[in-house]
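First subunit A sits with subunit B, and in the next complex the same chain sits with subunit C.
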Partner chain A sequence: MKWLNISSIGTWWLRLLVLLLLGIPALSGWPLTEVTTGIQMLVPFELDRAGDISDLVSWVVYSSIIWLVVFSSVGIRKFLEYLAAAFIIGLTTALLGSVVRKAFPILSGTMSADEISLRMVNLLLIIVTVVPYALLFINSFSAKNIITKLTDAKGKRKTIGLHFALLLRVIQHAGEVIFNLLEIWAEEHPDKIFPRHRRDWRAKWYSSANMFPWAWGAVFSWIYATMIHTFEPIPGMVDEVENINHYRR
Partner chain B sequence: MSEPKKWTFATTAIVGALIALAAIATMVIRIPIPATTGYFNIGDVFVVLAGLWLGPLAGAIVGGVGPTIADAIGFPVFIPATMLTKGLEGFIVGLIASRASEGNVKVKTIAAFAGGLTVVVGYFVFEAYIYPAIGKSIPAFAITDIGAAIIEIMPNTIQGIVGALGGLALWKALSGYNPRK
Partner chain C sequence: MVACMTISLFESYEEQMSYFVDTTKVNLLPMTNGRGAFFKELGNWFRDYSSDDISEHVSYILPNPAQGLSFPTAKDVLSAALSMHLDSDRAEEEAITLLLEFGLSPEKAGQPVVSLSGGELLLLNFAKAKAMLPTVNRLVACSPVNWLNRNRYQYWESLVSFYADSKKNVDVALLRGEPFPDNDDDGKEIFSQQEDSRNLQWKLFIDNPLVVFPEIRFPTYHPQSCLQFVSNEKELNLISPALITGDNGIGKSILAKVMAGVIKPANGVATSLSANGNGSARLIFQDAIDQVFGMSIDAHMDWVFQFDSTKAKAAKSIYSTIERSLRETLHDSHFAGLSALGEAGKRSTLLQAKICLVAERIASLPPLIVLDEPGWGLSKSVSRFFIAEVCKQAHENGAAVVIISHQPMWWDGLIRSHVHLEKQDNSNILLSVQEDG
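Here is the complex of A and B:
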């Protein structure tokens, strides 16, 4: 399925155009609303929440297309990494939404339990679709290519282009850090991301209270680790771009 | 008053890192608020940090871009509200913080909490008045009303306080960092 490979599109603006077209349904809802109406018309009998269920089905269709494009463009390994990140974000969000519905009913407003549940399933589908798409979008453009092309350029165009390339490079690097961190923690410090690995928690009636300090610690370790690894190579990147900016043939 | 900072390649690199971190922090820890279909998150930590560390322009860019990228993933209807509210949050934090000397913790604290207040007021205005008004002509925006906006004041206040405290802590930890060393 080479024709689905976005990175094989040589011209950068054509690649950008294709990626933007692919993202339209996620941002605007079009043509998913039309697909939803079409699916509803196919159902020959009355169904409770037929509209919501049809909406979920149309998202499954769109999600399959996005996954196929991402898989064809980045290969199996990266695709699975993207999916892992998407499911971690999606599942935590959807599960936390359900916890909020139970624990703080006042935050539900006028929404019924059914409506919230369907909204959370929909949210999970949206996240597992859009996260791989967003990662494909960011990584479809090479900062290094932009820098190389700008080496012999002159004046403001060169400086502005280098600022843009540096910005893209740092954002791509930050995205990589998240995956590496997840992989390293999963292998070397599983207790930081999976509470079941905490062997020091004894099975007492108050054991579940350990979850709160654990979650607090996990969030803060994660923030600090992400920051350290994100900022670490920045001096090198800045030096390189500054040298190119001052480079004259 | 501190000297206005010159925009260098190092500034661009830090802004890029903070945009990415703000987007990631907004996405990874988000607690949906069913009443408004919005969500609680900790992305403000990096918006406040950007304003305190790099000034109003960088604060506005990080606030306007980072959390907006996160909203595009799952909550696209909130993009206009987030872009303006968080952009303004970073700008206000940076503006107040730049009026004081580098080490003036008192003014930096006021700046950080002013940013938190901007989030509470900004989202309230959008959810109570602007979205219902736009919703009359574009149905996708008819997702909130004044009742839902009142319900969200509490989580937004907690989010503002967490953002201010986290941003201040990180600013203190990073104030000696120079990417050119």
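Here is the complex of A and C:
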């Protein structure tokens, strides 16, 4: 399956083109909507929620293609890491979405429980497809190579390009930061999803309800810590890019 | 050779960083003042930044050598620096030569920078400073050998000689008493050490833990590697505080992470037994600032103990005792290192972050607390006072203490046992108890 390996494409613009083509269904919906209609027409009998189910099937097919390409490009270990990240984000979003819709039915409008469930499953599928694709996309390009190449360019294109390269590098850096934060988190919370110190949870029968504020706080801590550690080196990175730009002119 | 080198001494990390910012005009964002302060400072930098403000191009080395490396692999870091004066193809080739020149093997070229050890990061910074030599006016180096074994000081000396030959200045910013080649100011005059008289005995169970680092195929290739810690005895009888030493990149920090349960070995174990029972150690990392997880020091303490009021009270009491004791000792010694504790009533310095992390760990009553390079960011005297206080509090609470350090002489008189790590072959690291403890 070497031909599915995106990272083996030496020319950067060809790699970009292939990745963009691969991402068209997720970005525009085409041809997923056509496939969904096709599947609906193939089903020989009346089925409740046939539209939603066909949509799910078309996303499953698309997910499989994306996963195959990601797997062939990054190897089994990285692929599983990407999937783990995608499922954590996907499950958190889908489950929270269900809870919120249950708690505030007004948000669901006239949708039935079945319809909401199917929507949430669809949302989960979209996330577990898009996240590995996005991670493959981001890491398929070297910010350093883009910066050094752009320094030979002139005018607005160069300025926009350098800003884009810097943005790419900052996003890539987020992945490196998470590696470090995971170790810090594991040291602080060996049970990973529970706090190390939780004696008060045993105080009353209802004390374990504290798990919800804890989970909420943990998600926010992660978001802030990732942002802070990702943004921290930006002034230094900008300084370095300025220098490369200045001296290669 | 050193005619162009100036050395400035500072009492605290905060003063040293302030000097760095003034000298290089490179902004450093605050990491221990909390989220609000961080984003406010980032916003200020974003608003005020102008590329026209860069008046002088300098190369620099920060106390935390991971900072200042903007690209993901060693090869990228060096080829980006070299590309300022070489064409891209030559820059790639020259990057490998530079790695070798500064004692790093070519296999390190594709390894992610985040997975390099502290010493290896410093050597990479030296190589980068050499790569930038033709384009910069001078080098500003903060604590440039702090995480380096003495047998590698030659690489620093070689870097300085390159700058001297090019008639370019080297500004070195050191914390008072910190290790540096030919540094006479070792902080001897400051104190008489107050040792903890308790002989807290503890055991390290080491059953050949094997750590496997899997192959990385993407975005760059790095082959699988293994590290096995072996010992002639499965049970090492030690007295706290113990010191762990070993060459750069040998795996001291990895062993600490295995002992703390952060890295799970593929087989074998490394656990500790002390008055608090048997189990995993608590660990303070080399770059301790990251462990406050982007929060302020107070917010971190509140977050960790939000569901354990008893331990929260204990940790706050330990924190207050250590800080008060340090303030009194430093004040009584008429010692300027007091600035490391910042203004009274405000917690925002690196030393205060370290005290917070230690207090939290002591209150969690582990068998062992491991401090990886606890002297980083502190002057020698403050480090020793700090460790002496940590040992007192840890021992009172039944926890043993281990220090990982490249500077055994720093801890003279404090250390009761010593474990040395030595490479046996490519993947085996031998742990042996030294008699000098």
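Going forward, the second predicted complex is superposed on the first by the 184 of 249 C-alpha atoms of A that agree within 3 Å, B and C clash if a C-alpha of one lies under 4 Å from a C-alpha of the other, contacts with A are read in each partner's own complex, and residues count from 1 in each chain.
To be clear about the criterion, a contact is a pair of C-beta atoms (placed from the backbone, for glycine too) under 8 Å apart; a residue touches a chain by one contact, two chains touch by 3 or more.
Here the structure is a predicted model, which means the values were calculated and not measured.
**Q** Have a look at where A:V238 lands relative to subunit B and subunit C in the superposition and call it first, second, both or neither.
**A** Touch partners of A:V238: subunit B and subunit C.
**Q** First (subunit B), second (subunit C), both or neither: which does A:K2 touch?
**A** neither
**Q** Applying the document's definition of touch, where does A:L27 land relative to subunit B and subunit C: first, second, both, or neither?
**A** Only subunit B is touched by A:L27; subunit C is not.
**Q** Considering only touches as defined above, state whether A:K156 meets subunit B (first), subunit C (second), both or neither.
**A** Neither partner.
**Q** Hey, what residues of subunit A end up touching subunit B and subunit C alike?
**A** Correct list for subunit A: 169, 227, 231, 234-235, 237-239, 241-242.
**Q** Residues of subunit A touching subunit B in their complex?
**A** By the definition above, subunit A touches subunit B via 26-29, 88-89, 92-94, 96-97, 100-101, 106-111, 115-116, 119-120, 123, 126-127, 130-131, 134, 162-163, 166-171, 174-175, 178, 219, 222-223, 226-227, 230-231, 234-235, 237-239, 241-242, 245.
**Q** In their complex, what parts of subunit A are in touch with subunit C?
**A** My answer: residues 7, 73-75, 77-78, 139-140, 142-145, 147-149, 169, 172-173, 176, 179-181, 183-188, 190, 195-201, 210, 214, 217, 221, 224-225, 227-229, 231-244, 246-248.
**Q** Where on subunit C is subunit A touching in the complex?
**A** 26-29, 31, 35, 38, 42, 45, 49, 51, 54, 57, 67-68, 70-72, 76, 79-80, 83-85, 88, 91, 112-114, 135, 214-219, 257, 260-262, 280, 282-283, 285, 290-291, 293-295, 303-312, 364
**Q** How about subunit B: which of its residues touch subunit A in the complex?
**A** 9-10, 12-17, 19-21, 24-25, 27-37, 39, 42, 45, 69, 72-74, 76, 140, 147-148, 151, 155, 166, 170, 177, 179-181
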